[in-house]
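Lettered A, B, C and D in written order, each chain numbered from 1.
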Amino acid sequence: MIIVMKPNSTSKQIAAVVSRVEAVGYIAKLIKGEETTIIGVVGDDRPIDRTQFELLDGVEKTMPVLKPFKLASRDMHPADTFIPLNGHKVGAPKIVIIAGPCSVESRSQIMEAAIAVKEAGATALRGGAFKPRTSPYSFQGMGEEGLELLAEACEATGLPVVTEAMSPEQVPLVARYAEVIQIGARNMQNYALLNAAGESNAKVLLKRGMMSTIEELLMSAEYILAKGNTQVMLCERGIRTFEKYTRNTTDINAVPVLKQLTHLPVILDPSHSTGKWEYVTAIARAGVAAGADGLIVEVHPDPTQAMSDGAQSLKPEKFAQLVRDVRRVAEAVGRK
Amino acid sequence: MIIVMKPNSTSKQIAAVVSRVEAVGYIAKLIKGEETTIIGVVGDDRPIDRTQFELLDGVEKTMPVLKPFKLASRDMHPADTFIPLNGHKVGAPKIVIIAGPCSVESRSQIMEAAIAVKEAGATALRGGAFKPRTSPYSFQGMGEEGLELLAEACEATGLPVVTEAMSPEQVPLVARYAEVIQIGARNMQNYALLNAAGESNAKVLLKRGMMSTIEELLMSAEYILAKGNTQVMLCERGIRTFEKYTRNTTDINAVPVLKQLTHLPVILDPSHSTGKWEYVTAIARAGVAAGADGLIVEVHPDPTQAMSDGAQSLKPEKFAQLVRDVRRVAEAVGRK
Amino acid sequence: MIIVMKPNSTSKQIAAVVSRVEAVGYIAKLIKGEETTIIGVVGDDRPIDRTQFELLDGVEKTMPVLKPFKLASRDMHPADTFIPLNGHKVGAPKIVIIAGPCSVESRSQIMEAAIAVKEAGATALRGGAFKPRTSPYSFQGMGEEGLELLAEACEATGLPVVTEAMSPEQVPLVARYAEVIQIGARNMQNYALLNAAGESNAKVLLKRGMMSTIEELLMSAEYILAKGNTQVMLCERGIRTFEKYTRNTTDINAVPVLKQLTHLPVILDPSHSTGKWEYVTAIARAGVAAGADGLIVEVHPDPTQAMSDGAQSLKPEKFAQLVRDVRRVAEAVGRK
Amino acid sequence: MIIVMKPNSTSKQIAAVVSRVEAVGYIAKLIKGEETTIIGVVGDDRPIDRTQFELLDGVEKTMPVLKPFKLASRDMHPADTFIPLNGHKVGAPKIVIIAGPCSVESRSQIMEAAIAVKEAGATALRGGAFKPRTSPYSFQGMGEEGLELLAEACEATGLPVVTEAMSPEQVPLVARYAEVIQIGARNMQNYALLNAAGESNAKVLLKRGMMSTIEELLMSAEYILAKGNTQVMLCERGIRTFEKYTRNTTDINAVPVLKQLTHLPVILDPSHSTGKWEYVTAIARAGVAAGADGLIVEVHPDPTQAMSDGAQSLKPEKFAQLVRDVRRVAEAVGRK
């Protein structure tokens, strides 16, 4: 950390900051400039609250030097992490595609969806059994019955299941039925849930919160990694901005940024990041062109009858076209 | 809901939309304009997914007409809700002030803080035992031991305790020690937690998520109310914007907006909404001037030693001055 | 426009709104719902201030039905607009690439840049002579001398020039030297400048403001089109959000959205939209994959010596690689 | 500036950065930490592009140390600047209130408004003659005829006029009729206009852009101050966020922040910062409670007939009440 003193700070104030730095176990080194003095704090100062120092007399501001994440960082772990999924490795050159409906609604619906996405070339099946909904009056998901139907669809098609857990106690339950536990955007900073996921053996798909920075996403991954679970995929699913024409704003920059900062695989969710099916294929292509390792896409046998997220769900034939389009882009950027 | 057809939609498309509206149990009424046709859907359409209709041929967009919240709405419950707290009523003309440290750090610290804020005129004591922290390497709170220390401080001073629960299973535990359970900003859409809070008998302080809309805050309150717990206080604690000079941006507009939309009491947290102690008093005054029913303020016996949020914590003497300042503003706007 | 009445509005209030609608020359049509009444206003209500009606007793809100832009809309002009540039047509299947330094700094610098981008395959040369800078102490551009150097570089390479005008009186001056006048992000709502550009014969590259909506961008284009100048290219250059790891957030969604809403060509600026050269190529590829008609890219012979925007400028050899990469993606999505 | 090297940077890379720092005329001082090395750049590095250094091998990032503004800074000019207006001094303890309609619409309208706001206690009259409108189809203001009507209203009531100039060539024209030239939010970074305002003798009311940071606002003020015009008032008028219930989000934090950073007076515009008349008085009170030196408020004799901004305009009797309310709050915070 750097501590910047105010232009008119006194040498007594500077000395007080230095002794405070030393009191908490670090070394202070000074640079006297023309207008002001800065103090460099030597040592791993990640565990302490940097802003404490801003309260000392004569201090103008503090600035972090070290990246706050370690286990998720490419600095500490330069090689890409690969996560096995249905015979593929997420993070390897081949693009993986997770697809399926927003919610499990019935046996016939999930079975039809599973067969359709498998035929189109999907790697895994998504589908929500526990649904986080803004309104208590909206459909809240089928619960464990939904998990059972997902397991049936998995058995019928061979596609592994990706589905959401919304609380720590749901983690073991979901892990019994699904290969990948999704942590949703609204729960990205639900630390009790992150810890539970970190303690499970399941793979984790961690979605970026709609209000969360890239750094915060990596810090949430750090929670899971710090508990010993290294099978974490990160998912960009759009952030909230002032633009209201689309449901969210796809932060496409996050794809190359994450690939640079971390060794974990990066998945793009063009369904939530746009909110309208018309734009899903264009943004799926863009995601792969930008370097994403995979996609997660909402597909419904009949979107006009969907109990949730109908507007952003693709019909099976549109999804099959998406897979073909994405394949060509993947090859153009040296992927498969 | 209103369904707006595209300028060039055909009468066959319009007829198809009308029959779909009728098929899901509503009445469709048409207005033919010069450029386009709109279809009004008559009936309580809150439970259905409005965007489904955007998938039908010829539809341009849909727009909601009804407010999505009911129990939280002043339309359904015009009279202010009052919540008893330490002999006062939150929501009544007298301003309540909840104060204390970010985290419980030790017996002496919480006791000293409790005595100081009580002397300065606080209504209740805040202090975190379970702390949601961005980094797994930061101090995570003292846990149940912290709750016990809070209970001791309550016994010593008579101040009721406000403290956070981070997961559904913590709710009954926290409720044993505290009069008010806080649901933090990061958990505003943790629906498992909202349901647990709704099922408890404790009072709830529900903080607005840092990138949640006013409407979403009211929908989260609706979850608690729908479970039968009507003792909910709403808390504006700053939202995330592009401005980085302050930690968050105080959405002061939310104060009069919430007072108009809902009967629930509104509390402002100027500590988190600014992130710097220098601005806390000015924003506390502004909140009361704008119509807030109360304040929640971070106070620490020695902020330079705080394990979290030091930069935004007031020293006891500054807090005493804040209480005096706020009192004058409260009287100027007809409050106490 | 739709006028939504409050749930408890009286028939007298409804009648008053209806007569007000009629008084300003429109027809009012009512739909009585279960909870509330809505009033549809028939006629082109774009010129009037919709919010006036929100002041009438019993009105809850108003909602627009018609799109506010006309000349820019695909509804009125379904066929793509093509803009000739150096033997190509912007908007046609072939992707155009405009490239060059942020600022013109010297004859040798602009000449070297022009030759390099031409060799790599650029369609046109960019370079700023008048520079909008946040600080009055930063380099403000070479002014007319810079325009002369651009003209020289154009003559030497045959590349047409794209450069910015910052005020109405600069428009004719810039038009003497450049084929395309750029209106920068900070001036997207400088209406005096938009009107001047609309009255000139030059082609216009209109950049989206960093916190302007897609609709506002189209409304600014509408100013230019309404003055009779139809040669307008729209440019997405990143928007301002809470994410600070990159300089801006590329709103990649805006590419397919604009292609759907308008007939005007859409250009992506991955240099400003990321702010760091490492991400420029990935986002350039993504832009083309999402459907952009062209790119505008910052290239400098020696970015470490650039007087502005060094961090986001590509070296010539990196730019040549970008052109090759983009070509493959273009072919993969059926472009050239 | 601080230059942070990457954890694995070599001593050769460090040496190269040091010589580059020295080559541009500064002194480099090193601090070697446990994980990384930082380089402090000694000297006034404001004029150079900091990000250039991020391109050098081994550099991770750069961070500014010095505030970019000088003339606007309280560091350089500790005493408050007072700006005379109608016998008062803006910036002194007495709160000033500028009021009037959004647009000048007719002689009778502006005269009626002027008389009403004068009677209620306003210090100056606002009213737009040149109107920046999102749509080219909306009312664009009466132009010079509007300025003449403002001058008449000034003569009749003695209230000085505050009105907007939208381009450099309008500055002398507006200055002939008005005592204070307003630079609107959309033009906050129209540098040609800022320079023209800096060269005039008129007082300037500089509104914060809806997309601009506090620091950018101060940098735009710096443009005016650097041209020798020191009579600048800053105006917070709400910023654009994801919250859509109100037209903008009042950044109330900006009030105490600006009072701390700069000696220039700070005015709040609660009409634009809320967009709905129901909230204007509450936010006006909040602004004064937070430390604003004045208010600018939209008042119209009949808001339901206003040609622009009707929804946020107060009727004269509501404005008179606002003045009385604000007076009480002003006294409560030691102002007048």
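Basically, contacts are C-beta pairs under 8 Å (C-beta built on N, C-alpha and C of every residue); 3 or more make two chains touch, one makes a residue touch a chain.
Keep in mind it's a predicted model, so treat the numbers as computed, not measured.
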Joint neighbours of chain C and chain B, given as chain labels: A, D
Chain located farthest away, centre of chain C as origin (C-alpha): B
Gap in Å, rounded to a whole number, between the CA centres of chain D and chain A: 38
Cα-centroid distance, chain C relative to chain D, in whole angstrom: 26
Rounded Å distance, chain B centre to chain D centre (Cα mean): 30
Per-residue multi-chain contacts in chain C, two or more chains: 211, 240-242, 244
Contact set on chain B toward chain D in their complex: 211, 213-215, 239, 241-246, 249-257, 260, 273-274, 278-279, 282-283, 285-291, 325, 328-329, 331-333
List of chain D residues in touch with chain C within their complex: 20, 46-47, 49, 51-52, 54-56, 68, 132-139, 166-170, 186-187, 189-193, 209-211, 216, 219, 222-223, 226, 240, 276-277, 303-312
Chain B contact footprint on chain C (complex, rising order): 2, 4, 6-8, 29, 31-36, 38, 40, 42-44, 63, 65-66, 75, 211, 240-242, 244
